[in-house]
Amino acid sequence: ADELSLQLKWVTQAQFAGYYVAKDKGFYDEEDLDVTIKPGGPDIAPTQVLAGGGADVTVEWMPAALAAREKGLPLVNIAQPFKSSGMMLTCLKESNISDPKADFPGKTLGVWFFGNEYPFLSWMNHLEIPTEGGEDGVTVLKQGFNVDPLLQKQAACISTMTYNEYGQVLDAGIAEDDLVTFKYEDQGVATLEDGLYTLQENLDDPEMVDKLTRFVRASMKGWKYAEENSEEAAEIVLENDETGAQTIEHQTRMMTEVAKLTAGSNGALDEADYQRTVDTLLSGGSDPVISAEPEGAWTHVITDQALSE
Amino acid sequence: MTALPIIAVWLSAWGLNAWLARFDTRLTRLLVALIFGATILILWEMIVRAYGVPSVILPAPSQIWASFMANTSILWVDFVQTILKGALTGWVMGALAAIATAILIDRSPFLQRGLLPIANFVAALPIVGIAPILVMWFGFDWQSKAAVVVVMVFFPILVNMVAGLAATDAMQRDLMATWSAGYWQSLWKMRMPAAMPFLFNGLKITTTLALIGAIVAEFFGSPTRGMGFRISTAVGQLDLPLVWAEILVAAIAGSLFYGIVALIEKRVTFWHPSQRK
Amino acid sequence: MTEPVVTADKIDLTFQTADGPVHALKGVNLTINQGDFVSFIGPSGCGKTTFLRTIAALETPTGGTMTVNGMSADEARRARAYGYVFQAPGLYPWRTISGNISLPLEIMGFSKSDRKQRVDRVMDLVELSGFGGKFPWQLSGGMQQRASIARSLAFDADILLMDEPFGALDEIVRDRLNEALLELWRKTRKTIGFVTHSIPEAVYLSTRIVVMSPRPGRITRIIESTLPDERPLDIRDTPEFIALAHEVREGLREGHSYD
Amino acid sequence: MSRVLPVLTVIAAIILVWYVAAIGMNAQWAKDQAARADTTLTTGELIADTLSQDRPVLPAPHQVAAGLWDGLAGQKITSRRSLVYHAWITLSATMAGFAIGSLAGIVLAVGITHSKVMDQSVMPWAVASQTVPILAIAPMVIVVFASVGVTGLLPKAMISAWLSFFPVLVGMVKGLRTPDAMQLDLMRSWSATRSQAFWRLRLPSSMPFLFASLKIAVAAALVGTIVGELPAGATSGLGARLLSGSYYGQTVQIWSALFTAAALAAGLVMLIGWIERMTLRRMGLAK
Amino acid sequence: MTEPVVTADKIDLTFQTADGPVHALKGVNLTINQGDFVSFIGPSGCGKTTFLRTIAALETPTGGTMTVNGMSADEARRARAYGYVFQAPGLYPWRTISGNISLPLEIMGFSKSDRKQRVDRVMDLVELSGFGGKFPWQLSGGMQQRASIARSLAFDADILLMDEPFGALDEIVRDRLNEALLELWRKTRKTIGFVTHSIPEAVYLSTRIVVMSPRPGRITRIIESTLPDERPLDIRDTPEFIALAHEVREGLREGHSYD
């Protein structure tokens, strides 16, 4: 079988269920592929791993991928299993925030960094709120691994994913009624998440292109299976979790939520979504995330072949 | 083939140093150390260029230096946040607390027997593990970093200081007994001075620990400045030259910090055989 | 002069060691009167140091009673009755020579000007004037030992206990210091306990010579000196001196035959 | 002399302080929750709540004990939920790193004591090397290693080696230099060769220093491994447990992993202490 | 017996210290012949140790030439010509007493059985039989010093250099060891350099007594002994002995007047 390695953006969880299902259910085997899935972590930069030759394909958010491309790393999007963004800001109701533009200034917000800060910065640019703190700016905290800043009231709002951290806030015992959420989708600043990226040089190699095609095909099969069988998918993820820290309840819920995000995608990148992401990132005032319209940052070559049969 | 010039540079620098080392003056000692360091940097640059190592993996020293010069204001802000506020405050507080505790322990044999084994146990603890907890307790700003540093430096200094306070020899103690000196008298005039070499041993070890603690703690939450914050953010942005510029700052600050403590040690413990030469 | 200062009554001292108990002292009886100069002599390991330490309350006897100035040895220690010179100099390396000599004075609360005056006086006595500013390691072993003697003299304790103070000195300096010590004793009539390995030294200095013997450590002979208080150095060539020295040597030899 | 009573007393005091702290630190959440639910708590209820929360700020000792017990004894040791399994992963990388680090430290120290050039050039840079925040760049280090094809246990071990070589280097240099002038002069007067002087004088007299620094080094190696596991995408090991506990706010899990790590450190230090006693006794240096 | 073993010709030795140069030796001339027993005596710090070390090539003179057995001192050292006893015992604490004594033998490549035999012989000589298995810290200071003497005797070096070997011993043991050393010398006719602070010891042992004086260190007198080779202990009471001792004392006193 042909070997291929996939670098995940984060630790083993239902966010990546499609790949685990494809592996577990033998979809990769069917395509004569031997896929190694490498879990990530908070300080693994998937793009760097790719640059170092540590993996062939990586799951990454588009803003980080485009920013890396500007840094001279020729990343190309070959498939986009996630149709919509699951990112949002979750605030405690007692912080009295109802309108971002009006109420954010003067507040402290928790934000993920390490390449995940771009959507937030674009949004703030959009709202024309400075992120340097002060009266009419927001104070930004580099949010750690968990939702504690909200529970401990160290921040008025924190970044959460619909499928993960939000659930943790609820699990911690705060009722939905006590929370206010702002989805990036709703604010019109959504950027594309969890896409599959590889280096340009791989696409110049026909053999590699063939492998990638088979990989994407099998992966999408995995995703669609996972969408339909969320409970089974969660169990598969759990089996693959080596930390032994995940629970079935949490993963099942995550799978259900992730299914909503992958629902609209057959794997092919939607050009309109791409353009919206690029526009959002470019609109960043004085300090945009990317400074020029990228070129060749995506290709349909793989998905076209993969989905044709 | 590309390896040949690299090996040549290495050998000739080593030869030069071997020749210089024979003179053994203050100047040549400094030169030897500098040439050694410079050689490593030159080899690094040569390797990166000769083998085309991508800069997102390992940037060349020249790129790092360029980034250092271009980002001095950012680096300064981070330096103030992490080193001056986080590491230094924590180190001073931790050291003072450890010294005070050591004196307390020293007074009570009961505490000495009870607390010291536990202190030794805690000193071997992977303290970084409590960084996320302390960030949760003390908030995002430098206070939590200082708290991590306090915990990291406390036990090594305590253990050293307790050993130091016990480092008087029997005759020195007997002398005090024949003069019927009080507790505080023998503490100030005998145990404290005798403890200084040990104390400084602890203080020196913990300078580098303090830096590491302050930087690592920033990974678990921080405001949008600080060396740890910058390093992780810059890695995420693949701005590796900036990452290494921060490392350069840390190395310079750490060496300076260590050097200053060593200098004070020299002044304070001038009488100790290891300082006399 | 006949008032007892130190009375040791059946003193036993046993050290518990890993290899079993060591009987350092066994049934030692001794009375030292006000103004006595008592020398202790005996083979290595016979308990001389241990006995001196017991007088100064640095060791606690495991049997018997020790009375000093009518109180217990420990009370006498707390009343600062002792000036003690150890076998090794034991100077504090972080203090200069004069700093070392003035240390007990500081501890006992002497005034600054008094301290200075006393330090100068005793430094002069041991021929160390001009070395006050040096640190201990900058002096030869003999000089260090003299500094340590000066330190014990500075605060005028009633009882002076000296453990081989002149062991590390060459003969000439030793003679001079012997004379000076004798002179000091004649003038102040301090009570002195003095350990030595040298028979001539013991005879030259003492009013009484205590010969000890090991395993277990005990007193085998007490020899009263018949020499006058006034003792020029060449008294050492008189028949009286030689006879005393001979007696001490006899006593020592007896002790040695035991092991 | 008995240490048991004092140690137990101090432990009891620590546990007491811990309980009080747990009540204090968890109270805010309990009150907030009550406020959100529109109820008020009696003091008794409050205390009971603070000692039994799911995600306490500071878990109470009995919660940690339960977590530890479950992790250590409540699982098959091959299970990924077993702390024994994770401790083993961490231990193996620690041992590898410790071995590499202490060997490097010893070799460098021997070089430094025998070569003037090494002494003058290596030492200052060895100090500088320790000021590099290796822990902060651990993930990068692991990526760099991966890019040259080194993966698995070795990258983690390299980080712990980096942290553990320095104490060994410093201690060994000091140890190899302890023989005093007279001991060295004796060797000279016998016209001993350098290697004879090394094996028969310098090495034996450095043993106490070596063991003292090995104890520090093994603790440092453990820290290195855990940090290597923390963010670097390791999926097993105590560091990964700490991380995932932190990620999901499972404070009990964090503390259990922490205590396991502490026990591991204590065990390793004790093991070296035991080897030290055996060696020194055979050398006649233990009194 | 008249063949020169050591010739020192205008030896200077200056130590550079932070406080300025210390002139430890200045223009020292001395010839030591095969079979001589030369004692060095002089006040503390006069350079006795330094001179002995220069003979053994442990110090390099800053001026003058030192010839040993017709070669340079360092060549002689490499030819293993010296047995050296330092002022302090300097035993290696991780070796037993017999391990310590056999160490130089191991280094010089003696066979195992030869080593054992030699160790036993010298242990007997210094009265330490039965203590071979003990570690140094289990012995009293005097026993340690004897072990260190045994170590220097074990490999039969031509030249024996001893720096105050008996300083830490009590008089009786010292007498016995003096006798043993003299006996050894008479039997083997080794060349011996011996530093001491004791005038009687110097006179009792030596064929020649070198009196030194400090600042700068130099030789002020060389006294040839008129005593016969056969010397019972009570030779010390003969007028001849006393006259020699007196002469040495005179020489010493001269040296002292300089400082």
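By written order: A, B, C, D and E. Residues from 1 in each chain.
Basically, contacts are C-beta pairs under 8 Å (C-beta built on N, C-alpha and C of every residue); 3 or more make two chains touch, one makes a residue touch a chain.
Not measured: the values here are computed from a predicted model.
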Practice task
Please find the path from chain C to chain D through touching chains that uses the fewest steps, and give that number.
Solution key: 2
Problem - Most contacted chain pair (by C-beta pair count) - result: B-D
Handout entry: Most remote chain, CA-based centroid, reference being chain E
Key = A
Completion exercise
Chain centres from averaged Cα atoms put chain B and chain E apart, in whole Å, by 50
Practice task
Indicate the whole-number Å distance between the mean C-alpha point of chain D and the mean C-alpha point of chain E.
Solution key: 53
Fill in the blank from the handout: chain A and chain E have mean C-alpha positions lying a whole-number Å distance apart equal to 85
Practice task
Check each residue of chain A and list the ones that touch at least two other chains.
Solution key: 42-43, 45, 48, 51-52, 144-145, 148, 152
Exercise for the section: Please set out, as single numbers or ranges, the residues of chain C touching at least two other chains. Expected result: none
Practice task
Find every residue in chain B that makes contact with two or more other chains and list them.
Solution key: 57, 132, 136, 219-220, 232, 235
Practice task
Can you identify all of the chain pairs that touch?
Solution key: A-B, A-D, B-C, B-D, C-E, D-E
Completion exercise
Listed in rising order, chain D residues that touch chain B in their complex are 1, 3, 5-11, 14, 25, 57-58, 116-117, 119-125, 127-128, 130-137, 139-140, 143-144, 147, 215, 219, 222-223, 226-227, 230-231, 242, 246, 251, 254, 257-258, 261-262, 265-266, 268-269
Fill in the blank from the handout: chain B partner, complex, touching residues on chain A are 42-43, 45, 47-48, 51-52, 64, 67-68, 71-73, 113-117, 131, 139-145, 148-149, 152, 154
Practice task
Sort out for me which residues of chain B touch chain C in the complex.
Solution key: 169, 171-172, 174-182, 185, 189-190, 193-194, 196, 269, 271-273, 276
Exercise for the section: Spell out the part of chain A that touches chain D in their complex, as residue ranges. Expected result: 11-12, 38-45, 48-49, 51-54, 144-148, 151-152, 168, 172-175, 178, 241-246, 250
Practice task
Within their complex, state which residues of chain C touch chain E.
Solution key: 42-45, 138, 140-143, 167-173, 197-199, 249, 252-253, 256
